[in-house]
Amino acid sequence: MVEKVKKRSQKTGLPPGTLVHIGTEKVGKSRIRILDYDEQGVREKNDALLNECVPFRDTDSVTWIDIEGLQDIKLLDSLGSCYGLHPLILEDILNTDQRPKSDDMESYIYIVLKMLDVDPASLEIISEQVSIVFGRNYVISLQEGREGDLFEPLRERIRSGRGRIRKMGPDYLAYSLLDTIIDHYFLILEKFAERIESLEEHLVNDPKPEILHEIHRMKREMIFLRKSAWPLRELIYGLEKSDSDLIRPATKIFLRDIYDHAVHIIDSIETYREMLSSMLDIYLSSVSNRMNQVMKVLTIIATIFMPLTFLAGVYGMNFKYMPEIGWRWGYPLVLLIMFGVAGVMIYLFKKKNWL
Amino acid sequence: MVEKVKKRSQKTGLPPGTLVHIGTEKVGKSRIRILDYDEQGVREKNDALLNECVPFRDTDSVTWIDIEGLQDIKLLDSLGSCYGLHPLILEDILNTDQRPKSDDMESYIYIVLKMLDVDPASLEIISEQVSIVFGRNYVISLQEGREGDLFEPLRERIRSGRGRIRKMGPDYLAYSLLDTIIDHYFLILEKFAERIESLEEHLVNDPKPEILHEIHRMKREMIFLRKSAWPLRELIYGLEKSDSDLIRPATKIFLRDIYDHAVHIIDSIETYREMLSSMLDIYLSSVSNRMNQVMKVLTIIATIFMPLTFLAGVYGMNFKYMPEIGWRWGYPLVLLIMFGVAGVMIYLFKKKNWL
Amino acid sequence: MVEKVKKRSQKTGLPPGTLVHIGTEKVGKSRIRILDYDEQGVREKNDALLNECVPFRDTDSVTWIDIEGLQDIKLLDSLGSCYGLHPLILEDILNTDQRPKSDDMESYIYIVLKMLDVDPASLEIISEQVSIVFGRNYVISLQEGREGDLFEPLRERIRSGRGRIRKMGPDYLAYSLLDTIIDHYFLILEKFAERIESLEEHLVNDPKPEILHEIHRMKREMIFLRKSAWPLRELIYGLEKSDSDLIRPATKIFLRDIYDHAVHIIDSIETYREMLSSMLDIYLSSVSNRMNQVMKVLTIIATIFMPLTFLAGVYGMNFKYMPEIGWRWGYPLVLLIMFGVAGVMIYLFKKKNWL
Amino acid sequence: MVEKVKKRSQKTGLPPGTLVHIGTEKVGKSRIRILDYDEQGVREKNDALLNECVPFRDTDSVTWIDIEGLQDIKLLDSLGSCYGLHPLILEDILNTDQRPKSDDMESYIYIVLKMLDVDPASLEIISEQVSIVFGRNYVISLQEGREGDLFEPLRERIRSGRGRIRKMGPDYLAYSLLDTIIDHYFLILEKFAERIESLEEHLVNDPKPEILHEIHRMKREMIFLRKSAWPLRELIYGLEKSDSDLIRPATKIFLRDIYDHAVHIIDSIETYREMLSSMLDIYLSSVSNRMNQVMKVLTIIATIFMPLTFLAGVYGMNFKYMPEIGWRWGYPLVLLIMFGVAGVMIYLFKKKNWL
Amino acid sequence: MVEKVKKRSQKTGLPPGTLVHIGTEKVGKSRIRILDYDEQGVREKNDALLNECVPFRDTDSVTWIDIEGLQDIKLLDSLGSCYGLHPLILEDILNTDQRPKSDDMESYIYIVLKMLDVDPASLEIISEQVSIVFGRNYVISLQEGREGDLFEPLRERIRSGRGRIRKMGPDYLAYSLLDTIIDHYFLILEKFAERIESLEEHLVNDPKPEILHEIHRMKREMIFLRKSAWPLRELIYGLEKSDSDLIRPATKIFLRDIYDHAVHIIDSIETYREMLSSMLDIYLSSVSNRMNQVMKVLTIIATIFMPLTFLAGVYGMNFKYMPEIGWRWGYPLVLLIMFGVAGVMIYLFKKKNWL
């Protein structure tokens, strides 16, 4: 989950606004989906060509152009000139290592953020950058091109006309996209909560080294998650407080709602971070405790048997003149002394609370 | 106490404002209690039906509708249309994983926060989300539906007409609900203070591993408590500074008072957190100290007996030509040397302050 | 020094503004002292009755009513109605677990803070809550009722007419009370500085476990001190920036002075906290170092004597056919080998810098 | 990478504005490069003399004077009087231990920051201070004089007329210099990401002491990087929000873009710092775990063999009257007992999960 | 370097504005030096009497009165009445335990800060409080009275008329004093950088316990340095943003310059603090690593020789019926077995990477 800034260095030296795709290269073509709707009806085109967007540009209906895959730089270039996007915005769209932010460009608003999902197999977080551009009567969403996206339920809602979405403008559609993406952050957090809970059980019952690596892995994912979620607060706040007339007052109530969600997500991330720190402390303490236990066993054994072995050694010496050797009760006496020494030792350990 | 975000993911993809109950599902019906009062008298209905609220809607008396249990979505839906609540507010009420906040919706004010109590048996913190909606002449409080609530003394006060509550408006009732809930946070903190005090005694006298787990448990509860208490400050500040005419100036003095309480609670939580951290440090140091002690004992024993055992071993060798073996005073001499070595060792340990 | 929130829970459920004394119960009566002064002279009454205050209420001279002991709720009640104090202020006065703050109530200003002293016997911090209410021509100070207070030199100054106090108004008297209390915080910090210095010497020369507990105790006192001192900054800042005409401009210069003091105190507390943390780190490192030392001794002893003992053991075996046993120089040879092994070991330890 | 403040002390006592070169002394001459351009064409002079700049001063074309090497104080002095630079600005240029900042001096703007590069051989960060002064029609960039710089691609862009640079003013050129420098910070961060990744693999597979030193080295470089990058945010923010008419609105959009870059860089640095901290924790825990493992082995061996050796010692005693010695099955019996003891021990360890 | 608040407690109870000297008492007289200058010339008097200042009070030339030693309270008192200083300012001057700050008193400005130097013998930081009061045509600097000061080069500059100082007003002189003092902070930081560098080398090559105490000492000095430097930022910012007409606009550019210096100093202090923390972590880890190494040696020795010694012990038993004893090849066989066991052990350790 180390964020890869790698390909960014390819760009150093190029003039600002030069379009270079930064990110994992994808093969194949960019895919365009057009969804044009108003209160009366819906017009949909999958695998459309860019020039099919043009007729919708000057109608009053809301046009949602969803582009998957950023490898086709020419496509983006002509999209940019068609909708009058600033070269820097196009550059930001292509650079998939963006910090989440929103830019008010007067005739349109640009939003970029991370869409997170959990890989069902490896349980790792999958991150995909989504750019959203919306103007008076259109919304353009641009995804990196990972297989599948989170917007299918939203499309379904538009098609069926459920909810208020067909009655609202492109600002509401942009909000809905944000809402869908942010709702998925909660899903990630739920998975975390489950993993933390299961980890805590193991922590108490059986602190193994694997737990350590699991904590480390979760910490790293938390750092990544936080980096993605933290700027959301500012992003949405900027939109809500914007005086652009592209965002209608009715939509602002909804933005305030996802602002609360973003704050909640950040709170939860901080909470989990603290819990992970606390768990690491506990793990370390448990290891210390165990070591202490091991040391005690060793010390008890050594303290009991070393004097005894010494005593046995003394009477194993081969001196000619050792009176005790010849005594009738020498052997039992020595055994008795040995038991006595061991007994005293055990008594002392009991008193010191080591046993 | 890991906050469960679990069921939230059921909602992803649904249009905003869709009413889905998020939280532990309860069986049985939602219970409605109506308490309508003015300076002259009190009208009370337990287990009321929703349409029994309607007549009170347009009177000047204050109507307190208390709903326990959020499972009946239809009920909430008709409550919403009766009092003109925004769908997003209804959604927030149903979602029991809300960050405490207050929303000024012009014709009414929405407050959501956590009501905390201590389970008398397990001493664990019980958390229940409470939503408060108040307008010109009504207060609606909505609880998750845990058995019992904290508001009984407040009801008693209204019935008996003690204090100024019957003379004040719904804003004062809303304040009183907040006050009751926040006062209980102090109770939680008192329990914490007691547990910390008892823990500290054990820490000094007998640092057992159980203390570690107790500290961990308390840390987690503190994290949870903090997450619940921290937003209260902002919440009450928002109410106090609100320019809504639903909150009368006379009530604002009282809000300032609970604002001070909230700040005090947050201060105390931070204090306890620091004390727990300090205690963990001390615990770890104590464990290190003990280990050191154990190691010293082991080293002393080994350092004394290993040379002696070696000496005994030397004279246990079976060489034919060992002159000392035949000496008359060989044995006592060796014993003397042994005592000497042991004495020197003990002297050295005394000097090194190990004994 | 765990702040006791204990009795606060007795209040949950009571209407706000109900007067209940929260704190350690004292027996005996509350004591009233009246000191009325203007530039011309001083009128003083010890052990006064409340109605003796009344005549002073409407004169132009400054009246200082000092009340020790808060157990007499009726007294406070009538004081409140005499001077027109808000019920919430009276409630705050009685609750001795208040966060330091100042409230501007228009016709009077309310200040509450902690008066700290050091117990000469146990060297523990003694804390007593002091409430100060001052209006156009009076100052009321309310103490919890601990034996003795810090204000005697101030009274003496009023009586003797030293300094400018007799020429100034009640705001200057209130300032003087604050100044006296805050000056005592420096005294506490001086004691801390001394203890830290003596602790540091021991830390370097002889790191015993007792130091650990002393550090812990000081950390806890620091946490408590900080909780008392931190809000002072805000409190005095609020007074200084207040636009109430109860605080004259001439007094504000003096308030700015104690504002600097408060900031200085907070700085020093943070400094001591950091020093204590640093000392704990050093202590822990010292313990680790010592353990390392102990382990080295053990390892050296074991590494030297284990091979030797084994060698002695070999020639203590009773095999019939052991040629070395019969050799003329077997014994001295073995002894020589033993010395050789020991020598090599010691040489290796020297090279590894263990000796 | 310890920032060397060393030579700064040479200056104490000199009047402010005295020009003294602070930094690693370079031999040889300062090198001047002039690049004068407008939309029509480019005029370039390498190894120019200062008086060759003068003719360009009053034309409308943009003049970029790039100076490498600050050792020639006279040169700077005459540059200062030619372009009317304040003595303090000249002093700041000469002092290569500056905190990055921007100063608006009305007729020109002064920017100072660190240009970072990675030494291809040692992989260490190379830092060089760059001062940028720009006015109505000129940009002066001053480098410490390290071999080579990052601006060659920019010069190429001006020469070839690619991009919009030839059409824009000196503010855009200054922005381009900043952009080039800041883009290189991403390169540094990429190298870090790679090193962290490779370190993490080793951390999991084979935690050696070298990793510790590598973490320490990276931490130090991070501290240095952060000190260089943190003020960039403020620097660019100051430029963007400046009301100087030297910065045209068209350029401000570009400044906002590198402002986002700076924030992104700072975010990444904080992320890497946290990851390094987390890695150090994991390393320490791994070491503890390993120690625990070692201790267990020792304890198991000692616990099994000490009792056995004692037993062997007992029957090696030379007492005359030891009945067992004479028994026919004494020896096998003792061996059996020995195996029994060892078996019980191993069983206990298995049960305790030590094996 | 524990800041001594000691004598401050002598003042508790005295009226505010009472002049009591707080600090290390000095014997001997306070020394007054007068330096009066304008663009035309300089008049200088060493060891002057206070009434010699009076004639300069009403001229237009700048008078710099430098007082060393604060023990002469009467002197300060008459100085105060001569220049109309507020009693609280005099009190602050005498109290040498002040937090650095600046106070705008309308007819004059008061600045107090710490002048730091390094003792050439012990390398310890020497701190002396300096108060600066400047008005329309005078600057009064007051030092605690430590032997020597940092202002000699400044005096020389005034005498010789170098730089712009003779042409500027008292505000520029005050700035020059600040500049001189703050420049010396860099010198302290340089010494720190050197010590840290030399410490780091030892840390890597030979982590001895002395390093620990050196780190502790440096940490404490850092805490002290930080306490002195942190308020400088606010102090200079206050002067720069002041709307007092005592500070001319031309001087404000210079103040902005030392503001940057102060920020730089604070940045560096934070950097060193972090590096010290990182070094402590590394030290602790090294100690753990070493302990681990020691433990491994012990374990290897014990694990090899304990089984062998046991084996030797077995054949040292005196049983009558031990068939192996009589075997012809018993002894070599046992030796072989012993070598085998040792070999297997060593092989296992190699495999576990312990050797």
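A, B, C, D and E label the chains in the order they appear, each numbered from 1.
Here is the rule we go by: a residue touches a chain if its C-beta (ideal position, glycine included) is under 8 Å from a C-beta of that chain, and two chains touch if they have at least 3 such contacts.
Since the structure is predicted, the reported quantities are computational estimates derived from the model, not experimental observations.
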Graph separation of chain A and chain C (steps between touching chains): 2
Chains contacting each of chain A and chain D, listed by label: none
Intersection of contact partners for chain B and chain D: A
Euclidean distance of C-alpha centroids - chain B vs chain E, Å: 42
Distance between the centres, which are taken as Cα means, of chain C and chain B, whole angstrom: 26
Where chain A touches two or more other chains, by residue: 284, 288, 291, 295, 298, 302, 306, 309, 313, 316-318, 322
Chain ring listed from chain C, with chain E in second place: C, E, D, A, B
Of all residues in chain B, those that touch chain A in their complex: 2-6, 8-9, 11-18, 86, 88, 92, 97-99, 101, 103, 206, 209, 212-213, 216, 219-220, 223-224, 227, 231, 280, 283-284, 287-288, 290-291, 294-295, 297-298, 301-302, 305-306, 308-309, 312-313, 315-318, 322, 324-331, 334-335, 338
Parts of chain D lying in touch with chain A, wherever the complex brings them together: 150, 152-154, 157, 162-165, 176, 179-180, 183-184, 186-187, 189-190, 193, 196-197, 204, 253-254, 256-257, 260, 263-264, 267-268, 271, 274-275, 278-279, 281-282, 284-286, 288-289, 291-292, 295-296, 298-299, 302-303, 306-307, 309-310, 313-314, 316-322, 353-354
